[in-house]
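Look at the two complexes coming up: subunit A is in both, with subunit B in one and subunit C in the other.
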Partner chain A sequence: MKVIRSLLKILTSVQLTVALLALSLALIFFGTLDQVYIGIRGAQKEYFESFLAFWQYPQQWWLGRSLSWLHLPVPGGYLIGPLLIVNLTLAHFRYFRPSWKKAGIAMIHAGVVLLLISQLMTNILQEESALWIEEGGSANYMESYYQNELVIIDKSNPAHDGVVSIPTKLLERQQSFQHPKLPFRIRVESYFPNSALLQQTEGGALPSSATNKGLAVEMKLVPEERPETTKQNEKNAPSAIVELIGTDGSLGVWLASVWLGDELPAQTFQDSGRIFEIALRVKREYLPFSVELIDFTHDRYPGTEIPKNFSSKVTLKNPDTGEDRQALIYMNHPLRYAGLTFFQASFTPDDKASMLQVVRNPGWLIPYISCTLVSIGLLFQFGYHLIRFSRGRKS
Partner chain B sequence: MKKNVSVVLIILGVLIVFGGLRPAKYKSEFNVKEFATLPTLEGGRLKPLDSAARNSLLLLSRKQTYRTAEGNKKSAIEWFMELTLNPREADSRSVFYISNPEVLGLIGVEMKEAKEGHFLFSFDDLRPQLNEIQRQGQLVNEEAQLRTAYERSIINLLNGLNAYYRLAHSIHSPDLTSKVEHEFHVYQTAVEEGGGELEKQQAGQEHDKAALDRYLFFVSRYRDLSETASLKIIPPLDPEEGPPGWENVGESLLRVIKSGHPDPIALDYARLVDAYQSGDTGTFDTVMSSLKTDLKKRQGDHYSYGKFEYFLSQFEPFYLSSILYVIVFLVAAISWLCWPRTLSQTAYRLLWLAFSVQTFGLLARMLIQGRPPVTNLYSSAVFVGIVAVLLSLFLERIYKNGIGSAVAGLIGFSTLIIAHNLSRSGDTMEMMRAVLDSNFWLATHVITVTMGYSATYLAGALAIIYIVRGLFTKGLDKTTARGLEGMVYGIICFALLFSFVGTVLGGIWADQSWGRFWGWDPKENGALMIVLWNALVLHCRWGKLAGPRGIMCLAIFGNIITSWSWFGTNMLGVGLHAYGFMDSATFWLLIFVVSQMALIGAGLLPARYWRSPATAR
Partner chain C sequence: MVLNPLKIIAPIRLDPFGFRFRLSQFQKLDYTNRWRKAISKNHTMNRTCSILLALLAISTLCACGKSEVQYYEIPKETRAVANADGLPPGHPPTGSLGPGITWNTPEGWVEGGSQQGARASFHIHQDENHLPGDVVVLDFPPHVAQIEDFTRLLSDQLELQVDAGQTEPGEIEIFTAGDNEYSVIRLTSEKALIDGEHKKSILAAILRKPDRIWLVNLTGAESVVVEENERFFEFLRSIEFKTEDIPAASAGNMADQSLPSGSVSNADNPDWVVPDSWEPGRVSNMRRGSFQVRGDNGLMVDIAVTSFPGDVGGMLANINRWRGQIGLGPITAGMVNSVVGELEINGKSCKIVDIVGTDPPSGKILPQRSLVGTFSHEGNSWFFKMSGDASLVEVQEQTFMDFLNSVRF
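Right, the complex of A and B next:
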């Protein structure tokens, strides 16, 4: 009981609040510094979405050679966040008695707790993908930024493709897959989260790979492992070598890779009288509606190359609801539709195709609520102090 | 006696302001002022030639003035006039700033020699090395972030040379010896005689080859010129067309093929060049007035904007107010030693003067740009100063002890010095890139965040005064110490409110524009750090974890956090806000951090070392 009481005392103490604030400052500072080397996404994973991070003294810095052994432990976001929530919540029960004087503080702390929860929700629930459309064309699927999938497509039915998708994350862990829709088993020979494809030349020094079917054999391609990247504007390009094992024995060892894109012939094979295609591609999500790009414009300030605006004029067609309407997506003005937010993100150098970034974040409204709470609380609290202060001076 | 000193000081302040209103004196025999106010479209914005000249010279030489070989100081527009009207003369002016020792080695100049010339070189100096500089430019690392200081310096020099060449071709193409007006008339005849020949040739008919060649010579000459000339100086015939309709001299001349005659404004400019080159000031003035009449007719209302901007550059409100801030600081500091009432009141009045002049400059910039006050790092520095001064004016009004004025003088002057150094990157009223092109968010998020910076600095500066006065002087009595504690507390509350609201508005902007509230971008993180720090200081006070001196030290550390957020995050070169990567700034930031740590160290000295007993708690 005594232990619990003293623990409770620590957890509700203002000392802990100050310590947590100081630690979160350190976390944000080192997490920002490391973005130079591991990118924003890397820092997010290592620092803000972890329990403990280690900041290494960069070799490029002054005395970097002799100091780069230094690994500074920094408590991560998943450690600080929950503790702060507990601290703020419990402190209210310990210190504060309901009164108008303290109403502002209660609001501020409630808002901060809500903000922390919403950030956690965002980390878990938010998905970002890209939607590329050419002028005059339309698209009904979006591609994930960072996730990839191994797909087996059943082509036997001319009206409808049957797609079996295996996220590449599973390829890392599992050796073998048996899907009820497929008459064969998939065995993962090797998997490279980031890779390059090299072409084997006559008498070349490249090691031979285990593949015996498909493009890898025809084009003499060998995958080579590359270090994984989390940097901005850089993507991982995974490759996998898999063996497909049917009831009558092996259907071949295949290379599947995001490098083998649509411009190359599909890798197809037959089994149990059905035609299949195997590919590793950027993870797709099909939409119940389509987006058609009517026009993409890229305005510059006269006489300069400084971009003034990017905009995509699109038509949204939803066969389920019968919707067929135009929308203009431009800087600071995204389109919100069906729980998704589409905003202008990129374009091809010839201005003929546009990329919309698509974000799904079910918790998007929470920060608005929590920030309003905190702002009103701050205004109330400081306003109260200010009025008292000026009254005090007058008298 | 006291009164007289006060009056003299205030008159001095007013005289300083009036000094700025004196019209500029140029040493040239030509009417430079009229030339300076001619309009041009450059960098996407209409401005007087004077601004284009200042920005160009600033980029080349890091200064807005230059010295002739005889040592006479001249203004940017005089150099610019020479460069655009008579480039051969201008080639001997030392305007290229080169300080990288390796680049100096490349062009064969010894360090000592370069130092004597203030690291400035003329185009004529560089001419023999042009090929080598160009070759070195091709060898630099393609990834800009990985370039060495030498490579960056080479690229800078190449960009400067390119800009110089393009400017020299902005009003006419200088490589023919004939008079420019004559050239245009010959061209007009060549179009009349040769245009038809081209059609004949294309139809396979018999044609006059000499006339055709003459025609083709001019067309290719002006096509080159249209690609080289960097200033657009010819307004569209229809003022409704606005900025996109402006043409440079080459583009305008190519239109002769259709219209049959040169644009009258282009012809005026040609005559201007001829008059300048032959030293004929009388003709120059006549041509200038006809050019101005033509421009006024065509531009209508927009015409006066250029004049206003010219006036603003001459007046230099930020320069004047920075001088006034120094005086304010000195007067307020002296008031702590003698005549506290008179001098602090004088400082307070002078502070109002400095504040008004700076505010005028800020409003004038807003009017010219049609934007909220903060659009880039430069204007953020100006704004940080203004807000801190405004808050200090309130503090001084309440406490009347000179502290508000002193701190305002300190911050006002420092932020204007920072702004001055940030202005080296060229036009400080540049156009806003696509994402930033939103007056609503510039007016809300950017303003509130900047006010947060400002207040955090103000708290830090007040804390510095507390520590310096308390530790080194006996003058910090109990009332003043309590007053300072109250000021720091109130300002930190203000800072927390504004930095929080500003950060949140940034999140909302991001959510509106990119569909995500928070992206861990360095600048966002920096703003959050300010919020967290101010919250930490306040909790330390409420929880009584730190006494008054401890709070002061924490407030000074706030200066470091704010500087990191304001500048440090930009130096990383990562993320959406990486718009101002700066080299030498890193050094100054480190110096600043060290100085603040030293002050904190002083503040942590045990009470027995403090000379003012009132701070001994």
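Right, the complex of A and C next:
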């Protein structure tokens, strides 16, 4: 009981609050330093989506070679965030006594806690994708920034294709897949989160590939593992060697890789009288509606090449609801539709195609609510004391 | 004791978030059972809020890293195509196949599911008891094909062995709608191509106009094509052409437009000078550069710059792959030297391969040609490939060579 009491005392202490806020500053500081070398995504993963991070003295800095052994432990976002929530919540229950006098403080606390929870929700639930559209064209699927998928496409039906999508994350930890829509089983021989495809030469140093079907055999390709990257201007190129096992035995060992893209013929095969295609590609998500790009505008300040404004005029068509409406998407003015937010994100150098960043964030409204709460709380608290103070002076 | 409601109501109103109640405040008061209930209710609220918060946190954490095998169905072609005129602001409203042409959509047909190069497409799915079907409307320059060519193309889709020259005239019906005289072809596969159970049928109507050839094509299971027969001709009757507005350009070319969400690295691209006459081309994951040239009468040439690690299987494999793409058979290793030329460009060796197709490959109307320059640089193979309708490739040959000569690693 004594232990619990002392633990509660620590957890509700203002010293802990101050310490956690100071550690948050340190986390942001070291995370930002490392972002230069490992990119935003890497920094986010290493520092903010972890319990403990280690900052290494960069070799590029002064005395870097002799000090690069220095690894400084930094509490990660997953440690500081929940502790702060627990600290604020318990402190509130311990110290707070409801009265008009402290209503503002209660609202500020509630707003901050809500903001922390919303950040956690965003971190876990938010999905971001890219939707590229050329002027005059339309698109009905978006592509993930970082995720890839192994797909088996049933092309037998004349009306539509049936797609079985296996996220590559699963290939890392699962060896075999059986889907009711497929008459065969997929066995993962090997998976490379980042890879290059090399040529297999006779008498060469490369090991012979396990593949016996498809482009890997025709083109003598062997995947070679490469270190994973989190840098902003680089992207992992995963490859996998999989064996397809039908009821009558093996349908071959295939290489599927994002390298084997649109420029190469599709890898198709037949089983049980049906035609299938196998591919490893950037993860797609199909939408029940389409977005057509009517016009992309890239305004510059007169006489200069300095960008002034980017905007995409689009038509949104939903055959299910009969919607057919136009919208203008530009900086800080996204289109919100069907739980998705379409931001103007990028474009091609010739200004003929636009990229919309599509974000699905179920908790997008919470930061607005929490900021409103904090603002009202601050106004109330300061206002209350101001009024009391001025009344006191009058009396 | 007189109850001061304000003293009690205020804390209740101040507790919208389930704050703990200070009982002492109430204990000082001579409250009634009513207020006791209110306090008890507030404690319940506290507990409920805590439980909800915990559930929220648990469900949020459970959703962490959610990834599972999914199954979904998509139309055959998922990317829509641009209008033939390529002018989005004048995008035709529903009920129009493009400038100068209108129609009425038959009952049970749903517009959408665009197909590459199609001026319009419709999906037919009357109900769960009926198999689906598709209708597409395509247009071609007038000189590119004869009726027999279409017969052969459609036969290929049904895996029928029909040579263009052997088409029996009796197989082609004539259907007249107003001033338009359509040649109608009916074909059915010999094998059960749909789900291994149903034969596949095509009902196609071809209309030759002075400036375009129009193909209206109904595809589906044999029973679907029979069922949709009347609606198909009703659709043909409803099409109205205004020849003065029909554009000369070919159908859209926007299919497969997935721009790179990032190739492995864009930092290593060599320098090159793009000829003024080239337009930006379709973009895809693997392209480092993409251009196109549109010729008269819908002729098209595509220029792609790609890079792969290693030598992608060697020259023989590459040549045979390119030959296959334009409908030619493979060559043997001994023939490689006879089809590969070599140039030195800005200090780098460039191997040139020129492949000319003899017959139009499946899905193409004209013979195709590919002209490829390959460089090897820092363990990567760079391919600069111009391919498309042979006659336009010939026109663009010198421009392409100038482009190749501008490549500097």
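Quick note on the criterion: the second predicted complex is superposed on the first by the 369 of 395 C-alpha atoms of A that agree within 3 Å, B and C clash if a C-alpha of one lies under 4 Å from a C-alpha of the other, contacts with A are read in each partner's own complex, and residues count from 1 in each chain.
Assume a residue touches a chain if its C-beta (ideal position, glycine included) is under 8 Å from a C-beta of that chain, and two chains touch if they have at least 3 such contacts.
Please read these numbers as outputs of a predicted model, since none were measured by experiment.
**Q** Clash or fit: subunit B and subunit C on subunit A?
**A** Here the two partners, once superposed via subunit A, fit next to each other without clashing.
**Q** Applying the touch criterion given at the start, work out whether A:6 contacts subunit B, subunit C, both or neither, answering first, second, both or neither.
**A** A:6: touches no partner chain.
**Q** Looking at A:14 after the superposition, I want to know if it touches subunit B, subunit C, both of them or none. Which is it: first, second, both, neither?
**A** The first partner, subunit B, only.
**Q** After the superposition on A, what does A:138 contact: first (subunit B), second (subunit C), both or neither?
**A** After superposing on A, A:138 lies in contact with subunit C but is clear of subunit B.
**Q** With the two structures laid over each other on chain A, which partner does A:93 touch: subunit B (first), subunit C (second), both, or neither?
**A** Touch status of A:93: second partner only.
**Q** Report for A:389: first if it touches subunit B alone, second if subunit C alone, otherwise both or neither.
**A** Only subunit B; A:389 stays clear of subunit C.
**Q** In the overlaid three-chain picture, which partner chain does A:379 touch, first (subunit B) or second (subunit C), both, or neither?
**A** first
**Q** Going by the touch definition up top, name the partner, subunit B or subunit C, that contacts more of subunit A.
**A** With both complexes superposed on chain A, more residues of subunit A are touched by C.
**Q** Looking at A:368 after the superposition, I want to know if it touches subunit B, subunit C, both of them or none. Which is it: first, second, both, neither?
**A** first
**Q** Touching A:270, do we find subunit B (first), subunit C (second), both, or neither?
**A** neither
**Q** Taking C-alpha centres, what angle do subunit B and subunit C open up at subunit A, rounded to the nearest 10 degrees?
**A** So the C-alpha centres give an angle of 100 degrees.
**Q** Given the touch rule stated above, what does A:36 touch, subunit B (first), subunit C (second), both, or neither?
**A** first
**Q** Quick check: superposed on A, how many Å separate the nearest Cα atoms of subunit B and subunit C?
**A** 8
**Q** Just to be sure I follow: which residues of subunit A are touched by subunit B in one complex and then by subunit C in the other one?
**A** In subunit A, no position sits in both the subunit B and subunit C interfaces.
**Q** So in the complex, which bits of subunit A are touching subunit C?
**A** Per the touch definition, subunit A meets subunit C at residues 92-93, 96-100, 103, 106, 110, 117, 120-121, 124-125, 130, 132-141, 143-145, 147, 156-167, 169-170, 177, 179, 181, 196-199, 201, 218-221, 233-235, 237, 258-259, 261-265, 272-274, 281-282, 286, 290, 292-295, 315, 319, 324, 348, 350, 352-353, 355.
**Q** Quick check: in the complex, which residue numbers of subunit C touch subunit A?
**A** 10-11, 14-15, 17, 19-22, 56-57, 60-61, 63-65, 67-76, 78-83, 86-89, 91, 94, 110-112, 114, 123, 125, 131-134, 192-196, 200, 219-221, 252, 254, 256-259, 261-267, 280, 283-287, 304, 306, 308-314, 317-318, 321, 324-325
**Q** Under the touch definition given earlier, write down the residues of subunit B that touch subunit A in their complex.
**A** 41-45, 232, 243-244, 246, 248, 398, 430-431, 433-435, 437-438, 441, 486, 490, 493-494, 496-497, 500-501, 504, 507-509, 511-522, 525-526, 528-529, 532-533, 535-536, 539-540, 542-543, 545, 561, 564, 569, 572-575
**Q** Taking the touch rule as given, give the residues of subunit A at its contact with subunit B in the complex, in rising order.
**A** Against subunit B, the touching part of subunit A is residues 14-15, 17-18, 21-22, 24-25, 28-29, 31-33, 35-36, 39-40, 43-44, 48, 118-119, 122, 126, 128, 232, 300-304, 306-310, 331-334, 341, 343, 345, 357-359, 361, 364, 367-368, 371, 374-375, 378-379, 382, 385-386, 389, 393.
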